[in-house]
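What follows is a set of structures for review.
Two complexes come next, and they have one chain in common, chain A, joined by chain B in the first and chain C in the second.
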Partner chain A sequence: MKQTPDIKPIATALLVAPAAILMFGVFVLPFLFLVVLSFWSQVPGSLGLDPTFTLANYARIISDSYYLGGLWTTLWLSGLVTLLCLVLALPLARWIVLHAKRTKGLLIGLCILPLVCGALLPTLGLVNLLSPLGFINGALKSMGLIKTSLPLLGNIAGVSIGLIQAFLPLMILPLISTNERIPHDYEKAAMSLGATRLVAWRRVLLPLMLPGIVAGSLLVFCASLTAFVTPQILGQGKVVTFASLAYQQAAMVLDWPFASALGMVMLLFLALAGILGALVSRGLGRSS
Partner chain B sequence: MTSRFGKAMLLAAVVATLLFLLAPILVLILSAFDSGNVFRFPPRVLSFRWFETALNHSEYRSSLWISTVLGLISTVIAVGLASLAAFGLVRGKPSYRLAMEVLLLAPLTLPLVVWAIALLSIYAQLGINGTLPGLILAHVTITMPFATRIMIAAFDEIDPNLEAAAKSLGASPWQVVRRITLPLARPGLLSSMAIAFLVSFNDVVVTTLIAGAGWITFPVRTFSRLRTEGIDPTTIAIGAMIVAFTILVIVLGQRLFQLSRRF
Partner chain C sequence: MKRIACYAALTAVSLFPCLPALAQDYSGRTLVVGTWGGDIERLLREHVAGPLEAMTGAKVEFLLGGSGDRMSKMVAERNNPTMDVTFQNIYEAPAALKEGLVVAPDAALVPTAADVWAGMNDGCYAMSLVGLGIAYSKALFPEAPEWADLWKEEFKGKMAYAPYPSSEGDGMLAVAARIAGVSERDPDATFAKLAELGAPVLSYSSLDEVFTLMDAGEIAAAPMISGYVLSNLENYEGIGFVFPKSPGPVLVRDMVCQVANSPEPELAQMFIDLALSVETQTAYAKELNFGPTNSKVELTEAEADRVINTPEEVTSLLQLDWPYVIEQRSDWTDRWNKQILGQ
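What follows is the complex of A and B.
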């Protein structure tokens, strides 16, 4: 069905053009340049680029256990963060949709707060909470639960906590919007037909929430995979994630072709995650 | 009984999750009012001394100033371009609308750190590395998608018949835009300005790669000094003010134009 436009095609084109040109020139072109750059090399000891085709950057990533290790750490860390975000966000999103009436908008506003505050400021608060002399260790010690401080900074535990805190909103928002489309009494209906709450969730609610689960998981996984501010601060240089490796190469070593190759590897895994998500959604569409 | 127990458990889980989500932000705000010489929580003695230090310190002031100016300029350009494009897509209904939305919203899904690496090497080749125009261009690019998404939704909500009616009553196209479309789109415009400004103001990832030495925003300054200086109370005081400002914008936006629904 073709809709009739309210303004002339030429006017439409003129209105859209500035934004489109900017987005293409400043956002899309650099990604294309990144592909090319990853097959170039840096002239040693200078900022000049040598545009002869080489696979050396990729060979270096595959052959060096430092980079492979960083990649592996980042992948499973992102998977763990995604899973934990899902576990935390499911009850929260369901509760906000079902029970938060007048406070709903405000609660969603609070949920997006970590997103608009940026990665840095909440992480500063976390450094304080997690440090050996910080609030959490202090509270646990005064309750007599632990004698020596738990190490929560400079390790995977700290980085995971930071990433979950930063990216939980990315899971909550899609889950809220899918939950809003599920009629409120489905859970009760299933339970009145003899299902326990667990069965009602597993057989009725979770399948209906799956589009939101897939979307949220993709967002959190991709954000964690490419995060570097949070891992950099909470990992204190001891947790090497892939994005911080790329950042070091680009900002400190100034080896841009190699940084580009590291970026390409990240894009590859994001694309794989996206394909996996699409397959899961499509499999669902067919089975239901 | 079990149902009531289940409900209580659910509520406890919800409260704990919200607390976890907001705890770091609360800590930041409360610690800023402590008089101690180090960043500590819980605060022990109420004091405003770090706010005074922050406001009197020229280096902090200049980085805040840079953040504000950069945020304002980028917001105006991004919201302007996004509104034009969104209006064109919604009212013009071109066949390429979907493809254009994918292009205009791309920065929301693609990793900014990877993009910033590429942009940095392009800027270096062009020689605009570390300049204000280069930085503004980068900030417009990361804030525009947020504004575009909000403005598309805002124009979609406006009934085109209202504009048609005004036109049939003899209003010129410019009068229609100024008297009908813009007032109706105001909640969307204000929301996109708020979000665009906050995104630009709080960005670390892109700015830290692009900014160079001349245009150090407050978040970049804090991030780059973290290794050497740690977290000093002045930074916490400024951080608390920024977070408080962010909360204020979100709460006000929520009250006045249901910001969270538009995000």
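What follows is the complex of A and C.
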């Protein structure tokens, strides 16, 4: 059996140091500043900061129904997007693994495309597609199916479509990886024993796909929770998410302490989602 | 190629004889300018950055985005700024000066500043004059509307607004206050009056977005800043723009600022000098319908009709107490989110 060569601790430290220093400088330090800033306050009528410790920013969030409403909207919107991504990605990932032979690489590349094009261009494209005078409403009107435009922008429907378009790859990729480890004939074996296709999926395939489902759901949920560009453009100011509130406070009102507190609350929910995902993964590991 | 560059430099020098620190060679140095994208960036490249690069050998780099982003950047980089020149809104300039983020306007540093109409260099140098008027759907308003017409029942819920905080939002609040018979210092009455217009159809992120819907009659009207609208109206037959009379349009002013302690102060002053020059200001007026602040700019009658370009016109406009408005920023943003958008 091939053994890993011994690496001296000093060599390990030298190898790790550049990335560690970079991460400390560009992530840990600003993050710590964000934490500290969230307990400061803005000097009234000024852009200056008052470094006196205060919980006022957090008290404002939990005592104001507007911010709590924004948090609730963000959480359930993220949950909805995660669920819809899962429903769309499950059959697609399975089909790619089972049936896409030579085109598999191309299909995976197409799935990844929304991730590598950034959020702005696809979102602006969706505006043209979904607007009252856009392609979808135009096509439906010309076919005589509707008389007045369907509201597809400025509401949860529009923002969800945008987020699903943006984050579906985050669900598909882990599911493809999980599906590749499931023998192709399990589904046929279950059906030969009398299971319907639905039962075979529910009792055989889905339990085996759970690691991919957990990983994909966690990625999509966290990405949706912190998404800014898509809700900002497709929500047209009428869908309030926590990221758009934080941007408004940081870049337009210039109340950085309050914006930091909003960011910290968002990070808290990201951490909770991460812990939940880790617990589920550990449980799956034990049961297998 | 060198000869062309030389001619360009000579032409530029002959056009702008008063530029400070002209003799020095700035090759290899970079001036960073924060401004809005689109036509403004194009005009600044053509009339300011190009000649400045030809004259000095320096490179001009543009940072494009909203003025709020630039304000944040100045605050964040207070002790070590990377931006030399920034374009801000009228309401941000006095606050930036008060915080020590920008250098106070000084004609000794920027000679063309002496040609700017008296009293306009408030916080930073006054770059252009525009007014907040009404862009409206001609299908829904056969006659150009007055502000009060927007409150008619048939137009409820058919407005569009720029994202708040913004000059457009603050201006509309000032109008709502006057319609309610109070001033913006009575925010309860002001926001209640504006809320009567109903939740907007959208908070727009681009002019095309709102104009397309307005052209089709899905949006009745939007408070908009004159320059941008007038420049775009040629593409939309179904949209009109009017400066209402009661109250008059709200004055909005773009300012150009020298960032305090920036890496290239001399280049920054030269850039601002060129920006305030007759040539640049005339191009702003002719191509963007932005009123010039340089008193020496001469426009034809037709051009002058489309812009605000004299102190007399400025005094006829509705002017806000911007320091007060800035102090209310946080509270008003909450009110806007809840009372105007969240209906």
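The rule is simple: the second predicted complex is superposed on the first by the 271 of 288 C-alpha atoms of A that agree within 3 Å, B and C clash if a C-alpha of one lies under 4 Å from a C-alpha of the other, contacts with A are read in each partner's own complex, and residues count from 1 in each chain.
The working rule: contacts are C-beta pairs under 8 Å (C-beta built on N, C-alpha and C of every residue); 3 or more make two chains touch, one makes a residue touch a chain.
What you see is a predicted model, and the numbers here were worked out from it, not measured in a lab.
Novice: Quick one: chain B and chain C on chain A, clash or fit?
Specialist: Pair status: clash.
Novice: If you stack the two complexes on chain A, which partner ends up touching A:Cys111: first (chain B), second (chain C), both, or neither?
Specialist: So A:Cys111 only meets chain B here.
Novice: State whether A:Ala250 touches chain B only (first), chain C only (second), both chains, or neither.
Specialist: both
Novice: Thinking of the overlay built on chain A, is A:Leu22 touched by chain B (first), by chain C (second), by both, or by neither?
Specialist: A:Leu22 contacts chain B only, not chain C.
Novice: After superposing on the shared chain, does chain C or chain B touch more chain A residues?
Specialist: B
Novice: May I ask you to decide whether A:Ala261 touches chain B, chain C, both, or neither, giving the answer as first, second, both or neither?
Specialist: Touch status of A:Ala261: no partner.
Novice: Is A:Gly45 contacted by the first partner chain B, the second partner chain C, both or neither?
Specialist: second
Novice: Examine A:Gly125 and indicate which partner it touches, taking first as chain B and second as chain C; both and neither are also allowed.
Specialist: first
Novice: After superposition on the shared chain, which partner residues are touched by A:Val214: those of chain B (first), chain C (second), both, or neither?
Specialist: In the superposed model, A:Val214 contacts neither chain B nor chain C.
Novice: Per the contact definition in the header, classify A:Val81: touching chain B only (first), chain C only (second), both, or neither.
Specialist: Neither partner.
Novice: Applying the document's definition of touch, where does A:Val159 land relative to chain B and chain C: first, second, both, or neither?
Specialist: neither
Novice: Which segment, 152-160, 206-214, 224-232 or 332-340, is the chain C region that clashes with chain B in the superposed model?
Specialist: With the two structures superposed, the offending stretch of chain C is 206-214.
Novice: Intersection of chain A residues contacting chain B with those contacting chain C?
Specialist: Correct list for chain A: 47, 127, 232-233, 237, 250-251, 256.
Novice: Quick one: which bits of chain A touch chain B in the complex? Just the residue numbers, please.
Specialist: 3-9, 11-16, 18-20, 22-24, 26-31, 33-34, 37, 47, 49, 88-89, 91-92, 94-96, 105-114, 116-129, 134-135, 164-165, 168-169, 173, 197, 222, 225-226, 228-229, 232-233, 237, 243, 246-247, 250-251, 256, 259-260, 263, 266-267, 270
Novice: In the complex, go through chain A and note every residue touching chain C.
Specialist: Its residues touching chain C are 42, 44-48, 64, 66, 127, 131-133, 149, 153-154, 232-233, 236-238, 240, 248-256, 258.
Novice: If we count contacts the way the header does, which residues on chain B are in touch with chain A in the complex?
Specialist: Touching chain A: residues 6, 10-11, 13-14, 17-18, 20-28, 31, 39-42, 81-82, 84-85, 87-89, 91-94, 100, 103-104, 106-107, 109-122, 124-125, 137-138, 140-141, 144, 148, 160, 163-164, 195, 198-199, 201-205, 208-209, 219, 222-223, 226-227, 231, 235-236, 239, 242-243, 246-247, 250-251, 253-254, 258-261, 263 of chain B.
Novice: Quick one: in the complex, what on chain C touches chain A?
Specialist: 66, 68-69, 71-72, 75, 95, 98-99, 101, 161, 163-166, 199-205, 209, 212-213, 216, 218, 326-327, 329-330, 333-334, 337-338, 341-342
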